[in-house]
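Each chain carries a letter (A, B, C, D, E and F) given by its place in the written order, and its residues are counted from 1.
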Amino acid sequence: MKKIEAIIKPFKLEEVKDALTKVGVHGMTVSEVKGFGRQRGHKEIYRGAEYQVDFVPKVKVEVVAEEDLAGRIVEVILTTAHTGKFGDGKIFVYPIEEVIRIRTGERGPDAL
Amino acid sequence: MDAVNAGDNAFLILSAALVMLMTPGLALFYGGMVRAKNVLGTIMQSFFIVAVVSLLWAIIGYTLAFGPDFGGLIGGLAWLGLNGVGQEPFAGYAATVPHLSFMIFQAMFAVITPALITGAFAERMKFSSFLLFTIAWSLLVYSPVAHWVWGLGGWVRTLGALDFAGGTVVHINAAAAALAAAVVMGRRRGLGTPDLSPHNLPMTVLGAALLWFGWFGFNAGSALTAGGLAASAFVVTHLAAAAATVSWVVVEWLHRGKPTTLGAASGGVAGLVAITPASGFVGPMPAIIIGLLAGAICYGAVLLKWRLGYDDSLDAVGVHGAGGITGALCTGLFASVAVNSAGANGAFYGNPGLFISQLIAVVATLTYSFVVSYVILRLVDGTLGLRLKPDEEESGLDLSQHSESAYTL
Amino acid sequence: MDAVNAGDNAFLILSAALVMLMTPGLALFYGGMVRAKNVLGTIMQSFFIVAVVSLLWAIIGYTLAFGPDFGGLIGGLAWLGLNGVGQEPFAGYAATVPHLSFMIFQAMFAVITPALITGAFAERMKFSSFLLFTIAWSLLVYSPVAHWVWGLGGWVRTLGALDFAGGTVVHINAAAAALAAAVVMGRRRGLGTPDLSPHNLPMTVLGAALLWFGWFGFNAGSALTAGGLAASAFVVTHLAAAAATVSWVVVEWLHRGKPTTLGAASGGVAGLVAITPASGFVGPMPAIIIGLLAGAICYGAVLLKWRLGYDDSLDAVGVHGAGGITGALCTGLFASVAVNSAGANGAFYGNPGLFISQLIAVVATLTYSFVVSYVILRLVDGTLGLRLKPDEEESGLDLSQHSESAYTL
Amino acid sequence: MDAVNAGDNAFLILSAALVMLMTPGLALFYGGMVRAKNVLGTIMQSFFIVAVVSLLWAIIGYTLAFGPDFGGLIGGLAWLGLNGVGQEPFAGYAATVPHLSFMIFQAMFAVITPALITGAFAERMKFSSFLLFTIAWSLLVYSPVAHWVWGLGGWVRTLGALDFAGGTVVHINAAAAALAAAVVMGRRRGLGTPDLSPHNLPMTVLGAALLWFGWFGFNAGSALTAGGLAASAFVVTHLAAAAATVSWVVVEWLHRGKPTTLGAASGGVAGLVAITPASGFVGPMPAIIIGLLAGAICYGAVLLKWRLGYDDSLDAVGVHGAGGITGALCTGLFASVAVNSAGANGAFYGNPGLFISQLIAVVATLTYSFVVSYVILRLVDGTLGLRLKPDEEESGLDLSQHSESAYTL
Amino acid sequence: MKKIEAIIKPFKLEEVKDALTKVGVHGMTVSEVKGFGRQRGHKEIYRGAEYQVDFVPKVKVEVVAEEDLAGRIVEVILTTAHTGKFGDGKIFVYPIEEVIRIRTGERGPDAL
Amino acid sequence: MKKIEAIIKPFKLEEVKDALTKVGVHGMTVSEVKGFGRQRGHKEIYRGAEYQVDFVPKVKVEVVAEEDLAGRIVEVILTTAHTGKFGDGKIFVYPIEEVIRIRTGERGPDAL
C-alpha cells in the first residue's frame, strides 16, 4: 500500500475529491497547511508599514490506497488540480506498512 | 436651586452611557490589532480600567479634578466620596442637570484616558504593574490636568484656552504618557516582522464603530444641554471623522498603492480625536478641514515611529498625540463665537491670541504628563518590574498573566 | 389626561432600546462561553426569545402582568392585544410618558428574563423543547411574578417590598428556574475536562460590555422620568458594577493566583445584578459596598456548583441567583428615603421591617419559580423530551438543531 | 423663530447616533456571510460609505434632497455646503429641533442606503469601481428619490403617498439598484457549492442585533419629536421585527426541516424593513400582521434568485426589495389617522386611494432606481471595469483590494 | 522505529492521550483534520438553500515509537478510540528512518 | 529522496524558513499542530475552576529533498530551532518514493 499526499490549491479541493471518489477512493483526510515555494506570497499593509508574507494557503490531501490504485490516483490529481500556474502544488508518494480500521479492527486493504 | 431639565438630563445621562461604551470599544479596537495570544490581556486592561478608575473617581478623583480650586492647580477634597454631589444641579458646571449626572459623565472621560495609553505598551506589560501605574496616573496626572482645563479656577481655563471635550485633557494627556511608556518599556520581540500582524481586524473595525458611536456622547454630550450647540457638536464630530477616514485612506492609497480597512478605521479615530477640542466651537466646513488634516497628519505621525525607533505598539502617540495637537491648535484657528457665544474667536476670525493660549495648553499638558508618567513608570519598574519575562512574552499575556486562552475554535 | 413630557419619553424610549440590546448582548456573553459547535444554538435561544416573548407580551403577557389586579396575584385581560394601551400616559404606572412607552420598556424585561435561564441548560437542550418551555414559563411564571412585585395591587408591592428594576422579578426569578433546569437536565458529557472550555472569550467580554451599557437603560430607565432619581440610579449602577468587577477579580487572584478576564466580565455582571433591585433606593457608597459583596459572593456561589454536583453550565444560578439575593437583601439594609422619597428606609436607617419584606419577596419568588419551572420542565420532558441524544450532543447544537456551522475560517 | 425643545432634540440627536451605528452593524451582518478572505473588503465598503457619503451629503446631497423644490423633482442649491443650516429649527421639516439635527439625522439614511446595495455585488467588485458607483448613485439616485418622497414639494409627497421612515427612499430604492448590480456583475465563481458558506455567523447575528437596535432610532426617530407618535413607532417596529423573525423561522422549519439562526436574523431584518414605511401610521396588531407577512414573503423572495439565476449574493433584493414593497403596500392598507392624524387612512379604513398612491410610489422608485443604477454600472464597467480578475476573486477582496488579512488566529 | 498515525473522533482525544501515556508514550503530535469516508457528512442550510458538507472534523494523532512499542500503541488506540460507529477512523503505520531531538541533538530511540 | 519533518516552536518558524532557503531549499509545507511531550502544558482558569491543558502549540515544517541535501537540512534546523529548553521539538526523517510537480508533471528531483 501507498500513501499519496497532495498539496493543492484550496479551491481545487471539491473537484479533486469528486474525481477521486469516481476512481474508487472511499476515504481521504484533508488538512489546511501553508506553503512556501515558487509561487510568491503577497504583501500586506498595516498602517502604512509593508510586510512580505511568504506563506500561501494550501490544502493537503492524504489518501492511503493499494498499490495498483496509487498510479490512477496520482493521474487524477495531476489532471484535476492542474491550472498551469505557479503554486499548483506537489504530489508525494510514501510507503506505508499497515492500515487498520478502528471500528472493526480490519487490517490491510480491507481496512480502506 | 436650579431645576433639572428632563430633556437635558436625558441627553447627558444617555451620553454618559455612550461614552462608557467607548472603553470596551477601545478594548476591541486594540484587541483586534494584537496577536491572538495577547487579545484577552489587552482587552482586560481597558475593561479593568472601567472598574478601577470609576471607583477611584467616585472616591477621590472627581473632587481632585472638579472640587473647589487650590491655586489653579488642583481641586479640594470637598466632594470626597461624592459627599454633597447629589440629585440637584451644581450650576457652576451644569445648571440644568443633577450634579450626579455631570459627575458620572466626567467619570467616563477619566476612564477612557488611561485606557488609551495601554496601546503604547501592548503585548508586554505585567498586569500588576499596569494596575499600579494606572492608579497612580489617574490621580497624579489625570485629575490635575482635568482641573487645569475644566475645573472652576483651573489655570488653563482661566488663561482662556478652549477644550470642548478633551483634546488636551484626554488625548494629548494620554499620548504624552503613551510616549513615556513606549520609551521606558522598550520594543517588543520580533518587531517589524509579519509575525506581529493584527490577529482580528474585523474586531478592530467593530471597536472603531463603537468608538465613533460613543464619541457622539463624548462631544455632543459635552454641551451638557440638548440644544443647538449639542446638535452642532454632533454634526462637526461626524463630519471630521468622515473627512479623516477619507484622507487617511487616500494618503495610504497614494503611498502604498492600496486603501486599507485598518486605515479607514484609524482615520476615523484620528478625525474624532482631532475634532474633540474643537467640537463646540467650529462649524461644519472647518470641521471637514480639520478632519482632512488629521487623517493625513496622523498617518505621517504613525510612520514616524519607525524612524524614531520606539515601539508605540498600537499608535497611541501617532493617533491621539498628533490628532489631539492638530485639533487643539486648529481650535485656535477656526473657533468662532458664531457657533458658541460662550467660546471665543480663533486666529482666522481675528483673534490670534486664542492660538497662543491653545499652544500653551498643549505644551503644558505634554510636558507635565510626559514627565510625571515617566517618573511613575520608572518607579514601578524599580519595584514590581514593568516588563514580562521573555518566555512570558512568548507565551503571551493571556496565558502568562491571566491563565486563559481567548479562542478554542 | 396627563401630558407627555418629551424629555421623560425620550429617556424611556431610548432606555427601552438599550435594554433590548441586552438580550443580544447576553447571547454573546453566553455564546462565547460555550464550545464552537454550540455557539449558534446558544445565541439562537436568546435571539429567538426576543421575538417570541415580545409577541406574547403584546398579546397577553403585558395585561397579565400589569392589567387590573385580581387578588394581588395576576392582572386581568383588560389590555389583551394592547387594547387601550395608547399614546396617552397611564398615570398609575407613569404619568409623563405614553402608556405604549411603559409597555415596551417592560417588554424588554420580559424578554431578557427567560433568556437568562438558558445559561443553565446550555449545550444540551432540544430547540423545540426549549421553545415550549420558554412560552409556558413566560406566561405561567414571569407575568404573575411581575404582577406581584410591580403590578398595581400586586401582593408583594402591597407588602412594601422594594424592587427598583428587577432583582426579584428578573434575576431571582430566572435563577430559580435555572436551578430547576440544571437539576432536571443533568450534566453535560465531558464536564470537568478542558474540552468544555469557552471557545471565544472576547465574544463574552463584548457581551458583558453590551450588558453593562444596556443596564443603564434597565436601572436608570426604571425611574421612568429623566430627573434626579434617574441620575442617581445610573451612578449607583455603574459604581456597583465597577466594585464587583474589582472584588471578583481580587478574590480569584487570591484564590487561584491569577486575575482573569472572564472573572472581570463575570464580576461586572454580578454587580449589575446585585444593584438592580437597589438602584433607585441607595446612594453611591452603599452601592460600592453592594458591588464588593456581590463580586465575592457570586464567585463563591459559582464554585459551589462543583460541590453540589449540578451543571449550571454558564452560572445563571451562581451569578443571577446569588447576585439577585444579595441585592434584594441589601436593599432591605441600605435603602434610604433621602435617595428616593417614594421608597423606604432600610434596616440601617432604622427600619428593619423592610428587610423582612425583602426576605419574604425573595423566598416567595424563589419558591414559586422553582416549583412551577420544575413542573413545566418535567411535562416537556415527558412529551417532547428535553435533552439531545448523545450523538447530537457530540455534534453540537448548531448542526443537530439548526443545520448550521458558526465558523468557516 | 421656533424654539428648540430639549427633549425632542435629545431624542433626535441620539436617534441619529443609533442610525449611524446601523451601517457598521450592516457591515458585520454582511461581513459574517461572506468567506473569510472577503470579510474586510465587505466591511470596508459599508464603513467607507459612512465617510464618503456623509461628506457628499453635507456638501451637496442634503440640499439636493431637501433644498427648495424644483418642479417636484429635485432640491435647489440654497443649502450648498450646509450654508444656512444652523442651530435654529427649520419649521418646514422639524419645528422643535435645530435644522442641523434634522440634517444629520437624514445624513444617516443617505449613508445606509448605498451600503445596503453592497450585499448584491459582494465578493467580486473592484474597490475603485465600487467607490465611483457609490458617489454617482448617491447624487443621481438617492438625493432625487429622497426629494420626491420627503422634500417639501416633492411629487410623491404631493401625491399623498406615505413613507414614514424610508420604505421607498431607502429599501426599495436600494433593492432596485441591487438588482441592477446583480444582473450587471454576473455570478460569483463556485456559486451553489458549500465553498461559499458564511464564514462567521455569530458576526452576522451581532450585525443583525445592532441593526435592530439602531432601527429604533430610524423609525421612532422619524417622528422627529419625542411624543406619543415616537412611542407608537417604536412599538410597532419592535413587534413587526419579532413577528417576521418568527414567521421566517417557522417557514424555513416547515420547508427545510430546521429552524436556522441565520433565518432568525434575516427574518428580523425583513420585519424591520417592512415596518419602516408604515411605522408612523399603523397600530400594534397590524404591525404584527405586516411582520408575519414580511418574514414569509422575504423567505420566498430569497429562494426566487436561484430560479431567476442572478447572484444577489447577500439578498439585498430578496430582503430589502420584497420587504420594502410589502411594507409600502401594507401601509396603503393598514394606515390609520387614529395612529397619526398627520397621516391618512388606508384601504382597510375606507380609503383605497392611498393604496394606489403607494403603488405609484413603489413603481416609480423601482423603475427610476433600476434604470439609472444600470446605466451608472455600465458606464463604470466600460471605464474602470467592475469585476475582479479571476485570480483576484480567488485570493479574495482583502488581499487583492486592500493588501490585508482579516484573521491570524 | 515506526510512526503510528491515527485519525480519530475529536472527543476521543483526551482518552487516547491518557491511555497512550499509560503504556509509556512520552510524546505525540496532534492536528485538526477533516475526514471523508463512510461516515456521511451533514447537510447545512443557509437561507433556505441546502448544501451537503462531506467532510467531518477529525483529529490526527502522530506518535513515533520504537518497533516493540508500536504494536502496543496500535492496540491501545484500537481500544480507546473505538465506538463501533462509522467514522471511528484509521490507524496507519509508516516506516521512519531517523529521529532527532532538537534540544539535545540526540538521535534514534534516545530522542523520543 | 527524503522527507524531513520538524516539529518546532512557532516563533522559530521565520528563522528556520530563512535558514533553509539559504541552504537551497525551494519549498516547504507548514502546519499548525499541538504537541504533547516533556514540555509541560499550562493551567487555565475559568470562573475559579482550574484545568490542566497538556497540549502546547507547535509548528510542523515538512521539506522533501534529495538525499544529499537532507543531512544539511537537519543540521540547519538543529541550529536555528534550538533554544535549549524543553519543547524545542523533534526532527523526523522519512523515506519517500515519488515526487511529482502538479504544474508540469515533472517527477523526481526535478519536481522539487
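Annotations
By definition in this document, a contact is a pair of C-beta atoms (placed from the backbone, for glycine too) under 8 Å apart; a residue touches a chain by one contact, two chains touch by 3 or more.
Remember, it's a predicted structure, so these values are computed and weren't measured experimentally.
Common neighbours of chain D and chain E under the contact definition above: A, C.
Counted by residue number, the contact pairs of D-E are over half the same as those of C-F, the matching pair from C-F, B-F or C-E.
Of the two chain pairs considered here, C-E and A-F, the higher C-beta contact count falls to A-F. Each chain gets a centre from the mean of its Cα atoms; for chain D and chain F, those two points are 51 Å apart.
Per-chain Cα centroids separate chain A from chain D by 45 Å. Shared interface positions of chain C, defined as residues touching 2 or more other chains, are 5-8, 10-11, 14, 193, 197-198, 200, 206, 256, 258, 260, 262, 402-405, 407, 409. Each of the following residues of chain E touches two or more other chains: 31, 44-46, 53, 85, 94-95.
Arrangement of the chains shown, judged by which pairs touch: an irregular graph that fits none of the line, ring, star or complete shapes. Chains touching one another form the pairs A-B, A-D, A-E, A-F, B-C, B-D, B-F, C-D, C-E, C-F, D-E, E-F. Those residues of chain F that touch chain A in the complex are listed here as 3, 17, 26-31, 64, 94-103, 105, 111.
Residues 5-8, 10-11, 14, 18, 35-36, 197-202, 205-206, 208-209, 212-213, 216-217, 220, 225-232, 234-235, 238-239, 241-243, 245-246, 249, 256-262, 264-265, 267-268, 283-285, 288, 407, 409 of chain B touch chain D in their complex. Those residues of chain C that touch chain D in the shared complex are 4-11, 13-14, 16-17, 20-21, 24-25, 27-28, 31, 39-41, 43-44, 47-48, 50-52, 54-55, 58, 81-82, 85-88, 97-98, 100-101, 103-104, 107, 127, 200, 203, 206, 398, 401-409. Only residues 44-53 of chain A touch chain B when the two sit together in their complex. Contacts from chain A toward chain F in the complex involve residues 2, 6-8, 31-38, 54-55, 58, 60, 74, 77-78, 81-95.
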